[in-house]
Amino acid sequence: MEQFTASIIAKYNYWIYVTLMMIGFYAMIGKRNLVKKLIGMNIFQTAIILMFVSSGVKIGAKIPILDKHKALEHGIGVAGVVNPLPHVLMLTAIVVSVSVTGVALAILLRIYRKYGTLDEDEILEKLGK
Amino acid sequence: MSYQTSIWPLAAVLISLVGSIPIMLSGRRPNVRESWTILIALGKVIIVASLLPAVLAGGGFEFTIAEVIPGVPIALRVDAMGMFFALVASLLWLLTSIYSIGYMRALNEHAQTRFYASFAVAISATLGVAFAANLLTLYLFYEILSLSTYPLVTHEQNAEARKSGRKYLTYILGTSIALALPGMLIVYSIAGTLDFKVGGILTGTGVAPQTLALILILFLFGFAKAGLMPFHGWLPAAMVAPTPVSSFLHGVAVVKVGVFSILRIIFHILGPEQLVLADIGWIITTLASITIIVASLIALTQDNLKRRLAYSTIGQLAYMVLGAGMLTAAGMTGGLLHIAMHAFGKITLFFCAGAIAVAAGKKYISQMDGLGRRMPLTYLAFMFGSISIIGMPPLGGFISKWNLVLGAVNGDQLILLLVLLVSSLLNAAYFLPIVYRGFFAEAADPVYDQGIKEAPTFCLIPLCVTACASLALFFYPDVFLRLAQLALAL
Amino acid sequence: MIWILDLLILSLLVICAIAAINIKDLLSATIIFGVYSFLMCLLWAEMGAVDVAFTEATVGAGISTVLFIAAILHTSRRSKD
Amino acid sequence: MKALALFTTLVTGAVLLYGTMDFPAFGDPQSPASTHISAYFIEEAVHETHVPNLVTAVLGDYRGYDTMFETVVIYCAGLAVISVLRRKKSDKEDSRS
Amino acid sequence: MKLLQEQTQKLKIGESLIIQTASRLLIPFIQLFGLYVIVHGHYSPGGGFQGGVILGASFVLLALAFDQKFSMQYMSEKTSGLLANTGALIFVGTGTLCAIFGGLFLHYSALDVLIPLGPIEWRSFGIFIVEVGVGLAVMSNMAILFWVLGSNGEMDEGL
Amino acid sequence: MTVPNLHIYVLAAPLLTAFFVNLFGRRSNTVIAILTIGSLTFSSLASLVVMSGILKHGQINYVVGNWQAPYGIELVVDHLSALMLVLISVVALLASMSALKSVSQEVPGREHQLFTLYLILIAGLMGLVLTGDTFNLYVMLEITSITAYGLIAMGKGRAPLASFNYVIMGSVGACFYLLGVGYLYLMTGSLNMADIYQILQTMDGGAAVATAFAFILIGLWIKMAFFPLHGWLPNAYSLAPTGVALIAAPLMTKVTIYLMVRVMFSVFSAEYNFVQHQLAQNIIVWTAAVGIICASAMALAQRDLKRMLSYIIVAEVGYMVGGIWLANETGMTGAILHIVNDALMTLCLFLAVAAIIYRLGSCEFDQLQGIYRKMPITMAAFTVGAFSMIGIPPTAGFFSKWYLLLGGIEAGQWGYVVALLFSSLVNAILFFRIIEIGFFHRDGEPHSHEEAAKAPLSMQIPLMVSAATLIIIGLSSGSLVDAIIKLTIPIGF
């Protein structure tokens, strides 16, 4: 039982990220509304970011902004500072995600101009005519 | 046997390929264009002939173009068997070129430039097949030949030509990709090489007889240009092409390339001894026998002269395969020799058919009664050609057929002997009536026939030459016989 | 103790995510998505990723939401699913 | 269609959960992610770049190549949006049909 | 009071005087903060990207409180395009310059031949330069994204 | 001193030029043409120099910003990536020449924007083949995707819809890839490919690494449109502006296949891929076989040349993925050779399509009647490309197919062999149908010598060059394999 609790505490973050990712992924491939797909895409991406950020956490550590002089003179204990690398990667990922969202929204507006709807089924219906 | 490196095989192949460029460029001036054609044809004959003495002396030439796959370069090699075929093809191309000038001008055909250019490419590919040093090179030129003859077959560009062209490509390209290519791959993965070698490259590799049979069947049908049934359907269809095309390509180049490839496979890839050991020669002979008999029977029923010739060709091609399949020395020699004998005979017949079409505008045998009296030279040549094909002395066809009969007897294959006899009778039955009716039957429409004269001189000369050549080959078959024996290392 | 706060935010996140993709009114969905982003940003700040949190606050909750709203106002608010 | 989507999602989720079994525990300072490369950054970055914000140091220098392309991504997004959507008022090229 | 009424009448639907005034007051501070975030990225959370987004957001706020035409008076379409180009060019150009001046790509220390600061200080300074580039590019691109999406491609009054 | 940086200049030249195209290209197309062609010519020449350098001195490990390997980002230029670099820059050069005309006809007034994105796309593709870092690969993947989304959406009619579909699928692919990278990072703590490779050798694979492997592969498959994840490709490529299809069709899928090779052998090892996942290997080869057959069958149903070619691309992807997963050296050689050949022949065919569309405005089959007489040179080049697609010697397509088939026979994967032969036959039918339509005339139309409406010279020259390249590459494929591809085959075979 204790082991079980320990494993929950050790992994719950990852489980939640999987849940969020599933929600986003389902919206992307299952929803018929194009805006919903995009929201799903954003959720998917934030879920991944959550995973990366979780990987950098160290319990009881400080944020990765140091005191310059102290650091230069005394050095830093590695365990005391949160891993900065995932943060860097995720900054890039966030930028990419907002860029894709922007482009997708532009395309979406083009689609609306032409078909007057954002529902995939209705668009297919119009194309079928 | 030693081969010396020489650029001449390449020159022999390329001269007409490169020559197609000036032909295309001089499209606006027919005289210049046709002089080019003749010039290139002459050049080709001279190059091939200049290589002949060395080959007869037991030597040869080779030239490697590019090493494309490890152990398998694209390479040319002039050996006896290739020389044999190249000699036939280049000689007949020269005659066909002369003939087609007469024919195309007389009928005032369209797109003549394209015609001559494609023709030049096709003959290049034919020589390429003849001089191929390995199976890959052979396959390469085989495909080029298929594709370059497509514009020739569909020359008329009407609905019928479209249909025939489609059939032609479906059969030829389809079988070569779906059957010959995998066959080649299997051979390569077993032997690790594709070089032609006297005695076969698969000999001594310990291939199971089943695999051997599979490879054999893949190639027999894969090279559908040989017209073995059931892959013969393209040949009659392709007869919509202008007559020079039919005569040269379907009397000589295309179909003989198919047979030549099959013979190469049997002699130099699988190896006759291996086939004897595995006891699968019967596959070849059975297929060939069926084709011979059925094609001859169909030929009897055809009224269109060119179609009858086409079915006759199917039957005759099967003779050559049959000879190879006997796996006896005489039989194989006969099969190889028949390539040359049949080529001279059949091209004469096609030339005559074309000449009749040009001069009299007639295509159907039933309309040709009494025509022989108007066109005596043409009909005489036709008679020579048919006798040669039937295999009666004193014409060339007799020599090859005699060897075939000998082969059947030597191999104790009496059924094959029977097949040969029956089919010879059938040959006679579908050829001789044409000659007979030409000379002796009453003309159906005498008034119309009044105006018919012999075909233009350009048409007439080649057909006389080939007819005489058929005759001469009976008396002097030495060159071809020697080449055949060299090829089989007898 | 911090993991209780963590769990609270995480469960809110899941609720927001499900709501965002299930609400039929797209404008509301977008706003809820904005809330989701803010919660996410909170979570990351709590995990020590201040730069990421900062960025998510400006981009995810700010610009992204505004862009979504802009697009939705030019199209339609309703959605069948 | 929706059932298929749900199925795909569940399978994906299940595989991902299966993958998390081997993960080091959350917040473990000894996990490979926290020890292998990042230790170097924490210890050396300030010395090598004189930038106390480690994220900025890594973002701008150690992984500057990534950041450069991240900027290009943003640039492309702006350009793509203009080229896809921008039109003059009179432009009725693909108005609703 | 009368002035106020006049101004209220001039307003179009959906615009409110309080918001307009407040945002006019706020925007300088927002922009200042954005600049601070860019420049102070070495010492506190933030950097070119976050600062750029904040700067861009100030234009978004202008466009929302007034209309898009108004916000484009401060930064025209052409200028924003130019700035976006310049921003990206600063980054890529710096990288290429490092390579040209004998270092490796993005090896800021190689620029020491231009202004001798010392290799390590150049690292810091190089980061600063590229952060400014990122800031410029992000600011103008965020503004462009909003303008184009907000006006459905027509670049007029917008929402 | 500048020579070690040369491969960076190959990438930087189009990237830098892109900004200038946007700045100065608004007014005149000549400026765009000079900048684009100039930078790409530079890239092509430089990449050839890089290639010869690699052949002489072996691979280059380049550390961006002078940070040592696992800490900074490493660029790896080995034989394979140098080959890809040459391929990309040459194909891009040829394509852009033709695209200049085609774009100014199809999207007038937006050429400078299109060519900016176009050059960045090329730079992104080059970045993809150069990189030795898993996360940098993701960024590059997104660069190419985001430019491609924009470029495709610039097309007419249904193009935005196709592009949106691509956005969704592409994002799923990229996210899956990123997930895989995340799992690898969590397990190994590293992002550098060579470093991860080293670490994975010493540790037990386990569930997380297997998941990472699966997700990275699936992500890349979505990006490369491997059956059955190909849904987005045919629409996207056939509805995009022709100038865009010219660059996207030959390069994007091929580069993604390169990435698959890279990930499979530089991050994971051959033993991990093939020995530990025997079952996966069989499944993937069979999927490839089914994919080839289905895509070929779909291509048969099309009535538009561009669409037909798009489906053929899907089939070709099956060739290469299957060839790599045959797990023997011959199949691998074939797959890598086919990357080169397929890029070139797709380029040749699309260049012909661009010329046809430029003149006729469409490339539906009905429009093509009698086209051999109208555009003889274009169609001659098209025919060469078609022969290569079918696999007729001595064009390049035959030789790669040869290795693939041989690899299939060696591995005993008969389903794959049959699928390849089937697809060759279908290609023969497809292309001869077009050749037939083009060769014959509309019923009743006289065989007149009407004045030929040839494509402009700037479209014909790249077309002829690409057709000639097909034959040259075909004839020199032996030396190509010996000199380069043999060396690119990853260790482990």
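As written, the chains take the letters A, B, C, D, E and F, and residue 1 is the first residue of each chain.
By our rule, a contact is a pair of C-beta atoms (placed from the backbone, for glycine too) under 8 Å apart; a residue touches a chain by one contact, two chains touch by 3 or more.
Quantities reported herein were computed from a predicted structural model and do not represent experimental measurements.
With steps allowed only between chains in touch, the distance from subunit A over to subunit F comes to 1.
Once subunit F is taken out of the picture, touching joins the leftover chains into the groups A, C, D, E | B.
Set side by side, A-E and D-F show the greater C-beta contact count at D-F.
Relative to the centroid of every protein C-alpha atom shown, the closest chain centre, again from C-alpha atoms, is found for F.
Computed centre separation for the pair subunit C/subunit E is 24 angstrom, with centres defined by C-alpha atoms. Each chain gets one centre point, the mean of its Cα atoms, and the points for subunit A and subunit B are 71 Å apart. Centre to centre, using the average C-alpha position, subunit E and subunit F are separated by 37 Å. The mean-CA centres of subunit B and subunit F are about 43 angstrom from one another, to the nearest whole unit. Among the residues of subunit C, those in touch with two or more other chains are 50-51, 55, 59, 63, 67, 70-71, 74. Multi-chain contact residues of subunit E (touching two or more other chains): 43-45, 47, 49, 81, 85, 88, 92, 95, 105-106, 108, 145, 148-149, 152-153.
Counting partners per residue, subunit F has 15, 22, 64-65, 135, 139, 142, 146, 149-150, 153, 160, 179, 185-186, 191 as the residues that reach two or more other chains. By the touch rule above, subunit D contacts subunit F in their complex via residues 15-16, 18-24, 31-38, 40-41, 61-66, 69-70, 72-73, 75-77, 79-84, 94.
Within the complex formed with subunit F, the residues of subunit A that make contact are 21, 25, 28-29, 34, 37, 41, 44-45, 48, 51-52, 55, 85-86, 89, 92-93, 96, 99-100, 103-104, 106-108, 110-111, 114-115, 123, 127.
Only residues 63, 65, 68, 91, 95, 102, 105-106, 109, 113 of subunit A touch subunit E when the two sit together in their complex.
Subunit F makes touch with subunit B in their complex at residues 387, 390-394, 399, 402-403, 405-406, 409-410, 417, 421, 424-425, 428, 432, 436, 439-441, 443, 447, 474-479, 481-482. Across the interface of their complex, subunit A is touched by residues 3, 6-7, 10, 13-14, 17-18, 20-21, 26, 29-30, 33, 36-37, 40, 43-44, 47-52, 55-56, 59-60, 63-64, 67-68, 70-72, 74-76, 79-81 of subunit C.
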